[in-house]
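Below you'll find a set of structures to go through.
Two complexes are shown next, each including chain A; its partner changes from chain B in the first to chain C in the second.
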Partner chain A sequence: MTPARLIARQSLSGLTRDRSVLILIAFFAAMVLVTAWLGWSATNTVDAIYVDAATYLAASGQPVPPNPVSQSAPLAVLRNLGVYISLIGAFGSIVIGQLLIETDRRAGTLPLIGARPFERSDLALGKMRAMVTATGAMMAVAAVISVAMLFTIPSLVVRPGDLLRLALFLVAGWAYITIFGFVALGAAARMPATASGLIAATVVWLVVTFVLPELTANVHPTAAINPVSTLATTPDSVFFHLMSRVLGPLSLAEGFAWASGDLLSFLPDGLAPRGPVPPAVALPVALILAGLFAAHSSAKLDLNAGGPDA
Partner chain B sequence: MPDLLPSLSGSVTTIALRDAREQLRDRFLLWATLALIAAAAVSLVTGAIALHGDAATYAAARAQLLALGKGASAIAAPEFYPLKLMRGMIEQIEIMGAVIALVAGYRAAAAERGRQTLALILTRPMPHWAYTLAKIIGGMGLAAVSLAVVFLATAILLPIVSGIGLTMGDALRLVLTWAAGVLYLTALFTLGFGLSLWAKSPASGLIYAFALWILVVLVAPQIGDTMDPDNQVAGGVFAQLSIPKAEQDRIKAGFAGYETFRNGIEVASVTKHFERFTFAVLGIKDTYTGAPLAKVMAEKQGDLLFLFLFSLGLGGLALLRPINPDRLTKES
Partner chain C sequence: MTKAIPAVSTSGLSKSYGDAVVLHPLSLDVPKGEVFGFLGHNGAGKTTTIRLLTTLLAPTSGTARVAGHDVASDPIKVRASIGYLPENVRLYDRFTTRENLTFFARLSGVAGPVEAVRETLDFLDIAPLADRRVGTFSKGMRQRVGLAQAILHQPEVLFLDEPTSGLDPMGVRQLREIIEKLHARGMTIFMNTHLLSEVARSCTSIGVLAHGKLVFHDSMQAVADKYDERSLEDLYVGVAERGPEVAA
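And then the complex of A and B:
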């Protein structure tokens, strides 16, 4: 067994013993279950409203527009999944990133790890390996529940192409939450004070989720966590066009929301992603940069700082 | 007994003031306030720019109609109420303000446990609840000062970005919103403090507090918002189908059960009550725009009462729960 693999295994066994991680994953799984019901229920209601409205329009001699939900794809019932991945999934990933360093630091095992014949790069690789495995496990849970729900909802015809799109969406979701996990891992490695990594990564996540969308397209915080409202066109003003171009590639929450809409087939017609860099490029680049930050910070981790008595 | 109360109030004041001094010394209050001011400023400025864009579009369309010899009444003029621009800012207080309050609560507990001073304080002749009360009062003071600075900055910025001065009535509405904000943030401070004090380690308490924050502040209102049929279709389902208001109300009446369930999920969240109260007071919600304050207060006293009782209940729970002697240190 390579040293990196050994460290990853030790880190993962520590995570599985932590009650807060298990509670967060259970919470995430419950919300994935709720997602499909929410989508199905809301779609049915809009459909019923349309029937009432069409009756009124026909009776008053007005033209009846097409049903807004008749063209929706089966995957659109999972439209809330992107929101829960970006909220609970990202936060769970931040907690995991923090705990991967903090658990060893508080238990006083970091100096012991340093005394073993490991390279610092092994430590960094091991922690990052544990990170991607843990976030991968979270998305695997989401995948199993989503597929089961898709085949359970009546009147939903799921084709192989839909499953491929769902798989791509889950990969994008994995990349998105792992970015924040790497930020938390790197921040926890750099800041020995208890919970500093958790707080620093949470601040980054808050800015990306709730501040950047306001700057790029005047999307208010509550609209930012609505899968439909967040897919708004950029307001027609010089300021917002400029901010979209400059901040669009950094506005990862909007990029992920756009990718979710595109892959789950509920993207409004003709809506372009913010800025000149498409999410298919921005998300992998952000993942690589966050990974480099985590690798560099873990490799430079002071094994004697902090500790149980700090 | 007569000597006990002055002695207790003295201890409570001493601990609360010491907390306030500590927050000022390590600049947490400064950074927290600056973060909220920055978030509020971003919301106000972007809202004003979007409104100016709407006004320019309206002016151009109006000019075009007049040039064609048609009346301009066919298009609706954009509303211009400066307090409406505070929508994004209120939402930032709901979300970012709540996180800051949770972290402040965590710090108030972690500092005592980390330095082992909690055990020392509890050797003094004062009941445990008095110590908890002092901490909550300290947190409330922190929220009051921080939000006062944010609202003051807003009162200065609003006339600049909107081009319309604030009236005394507007100032009163700002004060009411500030007071509701202090209550809301104090409740979240208490949550962060209580969980960080009672959990095995303060960091675990903060994780639980953040998880509850996601559930109460983000997920519950989000579910209610997502279930709103008007949020299922871009631009709104009724707008897309061009249904007049009277007919909308008739159709909605047929979905009363669904709407009650949806509303029930929303009102389970204290955040939604804070939002409904402040949106009404500031006239952000269209039905309350320009409405007299007395009418708003009469209709929204239920939301204010919920906010008050939630804070009181959470505070009461924190005061009544005994401090576990095994949890007096950072790691237990």
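And then the complex of A and C:
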């Protein structure tokens, strides 16, 4: 087993024994379940009303319109999932990124690892591998719950194409939360006090999620994470045109919200993403840049720091 | 006849942070098989020296070789040859002793990590702690597990940074016995310490560092022969406070 893989495995094993991580993941899973339940409940209500109405209409000899549930895209029932990924998923990822450094720093094991015969880059690779695996596990939880719900609602007709779109949405969600995990990992490695890294990454997340969408598209902060906000029209002013151009590529929450709406098939046809860089480009580029930051910072991590007082 | 390669050899090795010189150019040879006691006041530069020798810090100038390998140009070979126990090691609290040690054995590239862990636990007489979580351990127990991770890959040179710090008299005695056993196996031990009584009992040579400068370096036998009427404490205080001429 390579050193990077060993470090990743040890780090992941440590995360599974950390109560705060388990609570966050359980909370994330619970909110995904709530999303699923809301979608299931709303769809079932509409379906039940339709069945009653259709029965009445048929009995009275009137024409029966098609079931609205079967007319809408089945993935639209998952629209709230994007919100929980943006909020709890991203914040959970930040906590995980910070803990990947904090755990070793507090245990005083960094010098023990640093005195082992492998390249410093293996440490960075191991930590990043643990990061992408942990966020992948979070999205796998979301995938299992989402797919189970889609097949539980009898009136939904799920086609292979829908599952492909759901998979792409989950990949986009994984990329989105991993960006913040990498930022937290890099910030924790770069700053001598690990709590500073957590604060720095949280500030980045707050700016990306709530401040930038307001500057680029006049999206109210509380609406910024909602995929439905992508339907709102940006005011036609010089300020927003300029901000959209300059800050648009950094407005990842907006990009993810648009991608969520597009992939979960509830955006009207022909609605184009705002800003000069589409989310399909902005999210991967941001992931790569955040990964480079995490790799560089972890490889330069001060291995002498740490111990019980860290 | 070729001269044996020293286990640790430095030439003009120094470390500065900006204008602050932590370690003045240090030239020192520690032959193989020695138990070298590195003495000095707090902040003298002992820990910095160990960090330079274990490749955890890059020197500002000078060179150092450990087990024949250059710390700057061949750090991985240096790391493959050393064991290191820093001061205040804690290890992973939520893992058992065995889990901690197996991780470090694998990271050291030990071929049979499970067997190596078992042998080390037996050697240090801590097999009963194997499946207990490290977070429940006292300082002394933790220190022994820390020592286990430092020796389980059977390094040529073992670096110990204040290994007796915080130990009770029983723990100090146990550590001394372990050092004697490791010495008997031929391991070179480079030990930072404040505890002069332990130096007198365990070490075969000593060096004294004061304000980043090596002010004394000789074998314990020579110390005994030359200064037999003076205690090690008097000698240490003299050279640490007033320089090497005091020892002359």
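The definition used in the following text is that the second predicted complex is superposed on the first by the 267 of 310 C-alpha atoms of A that agree within 3 Å, B and C clash if a C-alpha of one lies under 4 Å from a C-alpha of the other, contacts with A are read in each partner's own complex, and residues count from 1 in each chain.
In the analysis below, a residue touches a chain if its C-beta (ideal position, glycine included) is under 8 Å from a C-beta of that chain, and two chains touch if they have at least 3 such contacts.
Treat the numbers as computed from the prediction; the structure is a model and nothing was measured.
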>> On the A-aligned overlay, A:106 touches which partner chain: chain B = first, chain C = second, or both, or neither?
In response: both
> When both complexes are superposed, which of chain B and chain C contacts more residues belonging to chain A?
Replying inline: B
> Regarding the shared-chain residue A:265, is it in contact with chain B (first), chain C (second), both, or neither?
Replying inline: neither
> Just chain B (first), just chain C (second), both, or neither: which does A:43 touch?
Replying inline: first
>> Under the stated touch criterion, which partner chain does A:14 make contact with: chain B (first), chain C (second), both, or neither?
In response: second
>> After the superposition on A, what does A:198 contact: first (chain B), second (chain C), both or neither?
In response: first
> Does the superposition put A:133 against chain B (first), chain C (second), both, or neither?
Replying inline: neither
> Which chain A residues come up in both lists, the one for chain B and the one for chain C?
Replying inline: 106, 308
> Along chain C, where are the residues that touch chain A in the complex?
Replying inline: 51, 54-57, 76-77, 79-80, 82-84, 86, 88-95, 103-104, 106-109, 149-150
>> Which stretch or stretches of chain A touch chain C in the complex?
In response: 1, 3, 6-7, 10, 13-14, 17-18, 103, 106-109, 111-119, 303-304, 307-308
> Which of the residues in chain B come into contact with chain A in the complex?
Replying inline: 35, 39, 42-43, 46-47, 49-50, 52-53, 57, 87-88, 91-92, 94-96, 99, 103, 106, 110, 114, 201-204, 206-208, 210-211, 214-215, 218-219, 221-223, 225-227, 229, 231-234, 237-238, 240-243, 247, 251, 254-255, 258, 275, 330-331
> What part of chain A is in contact with chain B in the complex they form?
Replying inline: 19-20, 23-24, 27, 31, 34, 38, 41-43, 45-46, 48-50, 52-53, 56-57, 62, 65, 68-69, 80, 83-84, 87-88, 91, 95, 98, 102, 106, 194-195, 198-199, 202-203, 206, 210-211, 214-215, 218, 220-222, 225-229, 231-232, 235-237, 239-240, 268, 308
